[in-house]
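Common to both upcoming complexes is chain A, partnered first by chain B, then by chain C.
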Partner chain A sequence: MSKIVLVCVEDEADVLDAVIRELEPMEDVCVVEAAADAAEARVLLKQIADRGDETGVIFCDHIMPGENGVELLVDLQKDDRWVFTRKVLLTGQAGLEATVKAVNQAELSHYISKPWDGDEVLKVAIQELSHYLVVKDINPLPYLKHVDMDIVEELMRKHLTADR
Partner chain B sequence: MPTSDAHLMKSSTSEALQGLVAWARHAGVETLRLKPREWMMREGDKNRSLCVLLAGEVQLSKAGPDGRAQKLDLLRQGSLIGILSFWTGNPSFSDSQAIGEVEYLKLDRDLFDRTVAEDAEFSSLTLQLLVANLSDRYRSLVGLNLKVAGLTQELEHERNALQAAVKDLQQTRNQMVHREKLVTMGQLLAGIAHEINNPSTSLMQSVSRLSEDLSAFVQDKPDELRLLQAGQAAPFVSTSESRVKLSALIEQYPDLSRARARRLIRFPDELLEGLRKDLKKSRWHRVDEHIRLFELGSSLHSIEIANERITRLVKSLKSYSRQDEPEDAGVDLGKCIQDTLMILNHKLKYYDLSLEVETLPVVHGRPGEVNQILTNLLSNACEATEPGKKILIRSGQTEDVVWVEIGDDGCGVPEHLMQKIFEPNVTTKSGGGQFGLGLGLAISKDLAMQHGGSLTLRNREEGGAIFRLELPLQC
Partner chain C sequence: MKFPVKKILGLILGLGCLMLLPFCHFEGLSPSGHITLGIFAFAAIFWIMEPIPIYVTSLSIILAQVLLLSDKSLFLKALTQASGGDYVAPRYQDFYATMAHPILILFLGGFSLAKAAEKYQLDRNLTRILLRPFGTSPTRVALGVMLVTGILSAFMSNTATTAMMMTVALPIVAKVPATDPFRRLIALSIPVGANIGGIATPIGTPPNAVAIAALAKQGTMVPFSTWMMIATPLVVLCLLLSWVGMCRMFKPQLEKFELSIEGSFNLAPKAIGCYVIFSVTVLLWVTEKLHGIPSAVIAFLPMVFLPALGILDKHDIRSHAWEVLWLVAGGISLGLSLKSTGLAHWMINQVSWDAFSPFMLILLFALVGYAVGNLISHTVSATILVPIAIAMLAPDAAVGPAAMIIPIAVIGIIVSFAMILPISTPPNAIALATGLIETKDLAKAGWLVGIIGIIFTLLFGAYIWPLML
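Now for the complex of A and B:
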């Protein structure tokens, strides 16, 4: 069975570490992967797709050395492999223009501004994973430990009936 | 008109006047008198007579657009008054007021018409007077037109000068506001630096105490001590490297969770080797104990590193924003460059920085202001260059000067802007939320010149621009 991967892209090692740690509980049901810039993220995303897994959520910083986060997200939106991937901008620096571009051209799912409070990243991960399951019509049962029941309720009913 | 002609006219006017006076005496028309400031005729009055001024002066005036009387002509002996209204029958065109004692003849319309028909000499006299009057007025009209043209030109000059002065003032004002802002920012920076410094110092002390205490605590347990120390010395592992190691670990120990594996990546090989049995037999609480001690060490180290960063930043902030620096604190250009790089690190880290900075002799000057110049130049370089491309900073000295050059990888500066770019309010930055008063380079050049130095610009052959700041070794 293909696995759902949560990908984090962030150039500051400390911040990346913090995000990964916060997402670790999700590893009960998913895989968490990290990249330090957009170029590495592209390689990683391709590897994930090639081995038959799918990138469910991508958390991406905006300003990074090399290509910026919004450009990466906009590009992903143009590719069938990642069009359904939930895209989260995790940044303290994106200006209005970049954010508008992310919303309009990358169908940004969520915006987390740095520094974030408590377990906001984890909460967003749960919520976005749930949306991803709905959009891709994936049976939520294996993910029950880390999904938002309000979001997947309908989907659950459908899959339960189908099972029966 | 040549003087001889004017003279001729004058003489013919006075002859005609004498003739007219003689005629009046003969015809029984009496000479009228006005006292100073008395009115001869008022604007808008109906007028049925032509007045001939025999002696004294009469001021013509007319109500202007604002209702106030505007002086027109000053009429002298021989002038005809009321010509227009007399011939057209329209109301009087202007006021006429005696200036001194005035004598004049008043020729009633009927008398005039009758006499013209009967008396050829009278016709010729009045005609002469009329021609003289009209040519006089024509001459003064031409004179007036010339005067108006002259005044208009003068006004234009004055207006231009005024506009230039206003523009100048605006620029000065903008520069002052900008400087004031910088000073305020400097004070703010110094204050913030001070406020951060205290907690940062106490943090540093606590961490080193914690580190000592912990080491003492595990002094007798070599395994634990080794783990703690290994944690403190743990290397940085890049994301790609850690991915490889992570999958290798999980392949080796299939039951190992990714979260645990991620922690173990940073373990040195011999410590990992020591854990092999526990890992093989899935003794997770043993593994977790190791991880915890190791991470205690690495966290301590992280705090130390982070705090060192804060301390360095605070130091740079302080020396960067030196507010009450003396007139001549001595400029170490190399140190100024380092301080400015630190302050602008958040921008510069996205560029390929090429640093060739020499140790340079200290020169006269104010480091705070030199920092300001460098900050301006470096920010400009960042804005001109796409992230990831090259920004170069190099410094050196000649016989007379120390210099620093800051080059960008942008599109260079067009020839026609080369000089202009140092003028106030010239900016190549376009809107889009970019903030630029177009004062940065003007102020920088100003500051460089105050230091007896110079700020110049040239384009690089391979594209991009280079700004060069020179400060004199001796001034």
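Now for the complex of A and C:
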């Protein structure tokens, strides 16, 4: 069975650590992987696709050495392999122009501004994973531990109806 | 990927039996009986080892019967010769007809109602209203969840009911501290309620259909209301006892719990149409004895009127669990040949059963059905056992309806109490997947429900049902 991967792209090591620590509970149902910049992220995303897994959610910083986050997200949106991947911008410094571009051209799913409160990243991960299951019409049973029941209700009914 | 040893073994064994058994020679078994034995062994092995999905195995049975045993058999000439002209081949249409057996039409009617209820959130709103009187005491809330799940799953599939109840209850229960056993109590109340509740009506769960179809073939019709009359008191008692036991096992720590669900009844014309058709159909079903219209005939009303009024559309109809109907159809079809070729009779004669009293025989079947039901599909374990049980326990209708119905109902019902393992039933799998309970919690509750179910079903069969039928 192909696994759903949550990818975090962030150049500051301590911030990346914080994100990954917060996403730890999700590892019950998903895989969490990290990249330090856009170039590394592209390699990672391709590896994930090549081994048959799918990138469900990408948490991406904007200002990074080399290519910026929004450009990466816009590029991903153009590729069939990542068009359904939920795209979350996790940044303090994306200007209005970049943000608008992310919404319009990368169908940005969520914007988390740094610094974030409490377990916001985890909450967003649960919500975006749930939306991803719905969009891709994936049986939610293996993910029930960390999904938003309201979002997957229809999906539950669709996939889990038959006695045997 | 792990090498699928079980599947490959099943494939080889199953196909081997199908191809070799017809060429063996067993004393006292007709040539067509040999072929049926091959099909039966193939089906049992494929259903248990699952090299292909269980409903496909059912379809394979029908294919095998048409190709090997029917009047369109590829070997009809050889078969007739081998049996010295004795063999009367059933029409191939008879095997196909099992796919539209009245009990399956009854299920289709139930599917239509359940789909409409889901679409207009009747199930959710009923849950909201029915849970209210149970107040805020945690143990009473658990009782409410269990009973409401039971009531809904009597008319909807156990699995769909569990999925619905989980989406309603879990977000609220998740707020309870993780250390409080109350979380586990609620997460277990739902599958327990669903599995037991399914027993209450003929359409509640497929094993009921297996039992009723087998009885119908013997000429004993079980009206909807008769099934409910014998099954519902048992269901209510078992739910209450399971609740008492589970409240001890998972004693809530918090003092007060508010399970308030938001929502309001949909009052659009189509939604009202759904409520009316739902109520009228159920009312006609439970009053079958008064008006005498068979429940399978009534079941066609929602199938026609729901789409006629636009309450259901073709997408809804496509989303019915057709494979469940086919799963049962294969079993019914197999049952035809088990009897007509004399195989069932022959199998029974292989062992001397005289040492067993009828009660011991029923107990034996019930325990085997229960054990197997924990490991494989409930429908399949009923399907394998019921035709043999019926040949052994109720050889002809002359013994009277009570003597026919009771043993078969006992076996069909006890199978539904098998819920120890996550794989035993889909509601178990859903409950476990939520992460609120562990496999050992499920096993504890499953044992409790199983013991209560077996004991009281046997007691009802021995002392109470004979007074009712």
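Quick note on the criterion: the second predicted complex is superposed on the first by the 161 of 164 C-alpha atoms of A that agree within 3 Å, B and C clash if a C-alpha of one lies under 4 Å from a C-alpha of the other, contacts with A are read in each partner's own complex, and residues count from 1 in each chain.
One rule holds for everything that comes next: contacts are C-beta pairs under 8 Å (C-beta built on N, C-alpha and C of every residue); 3 or more make two chains touch, one makes a residue touch a chain.
Here the structure is a predicted model, which means the values were calculated and not measured.
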| item | value |
| --- | --- |
| Combined model on chain A: chain C and chain B, fit or clash | fit |
| Chain B versus chain C as contact partner of A:Ala36, first or second or both or neither | first |
| First, second, both or neither for A:Asp50, with chain B first and chain C second | neither |
| Chain B versus chain C as contact partner of A:Asp117, first or second or both or neither | neither |
| Touching partner for A:Glu97 - first (chain B), second (chain C), both, neither | first |
| A:Asp80 touches, of chain B and chain C: first, second, both or neither? | neither |
| Contacts of A:Arg157 with chain B and chain C, given as first, second, both or neither | second |
| Which of chain B and chain C A:Asp14 touches, first, second, both or neither | first |
| Three-chain overlay, closest Cα atoms of chain B and chain C, distance in Å | 14 |
| Interfacial residue positions of chain C with respect to chain A in the complex | 54, 118, 157-160, 162-164, 166-167, 170-171, 198, 205-206, 319, 321, 323-324, 327, 377-380, 425-426, 429-430, 433-435 |
| Footprint of chain C on chain A - complex, ascending | 28, 141-142, 144-146, 149-150, 152-153, 156-158, 160-164 |
| For the chain B and chain A complex, residues of the former touching the latter | 236, 238-240, 242-243, 257-259, 262, 302, 306, 349-350, 387-388, 432-433 |
| Touch list for chain A against partner chain B, complex | 13-14, 16, 20, 24, 27, 31-36, 40, 44, 63-66, 68, 95-97 |
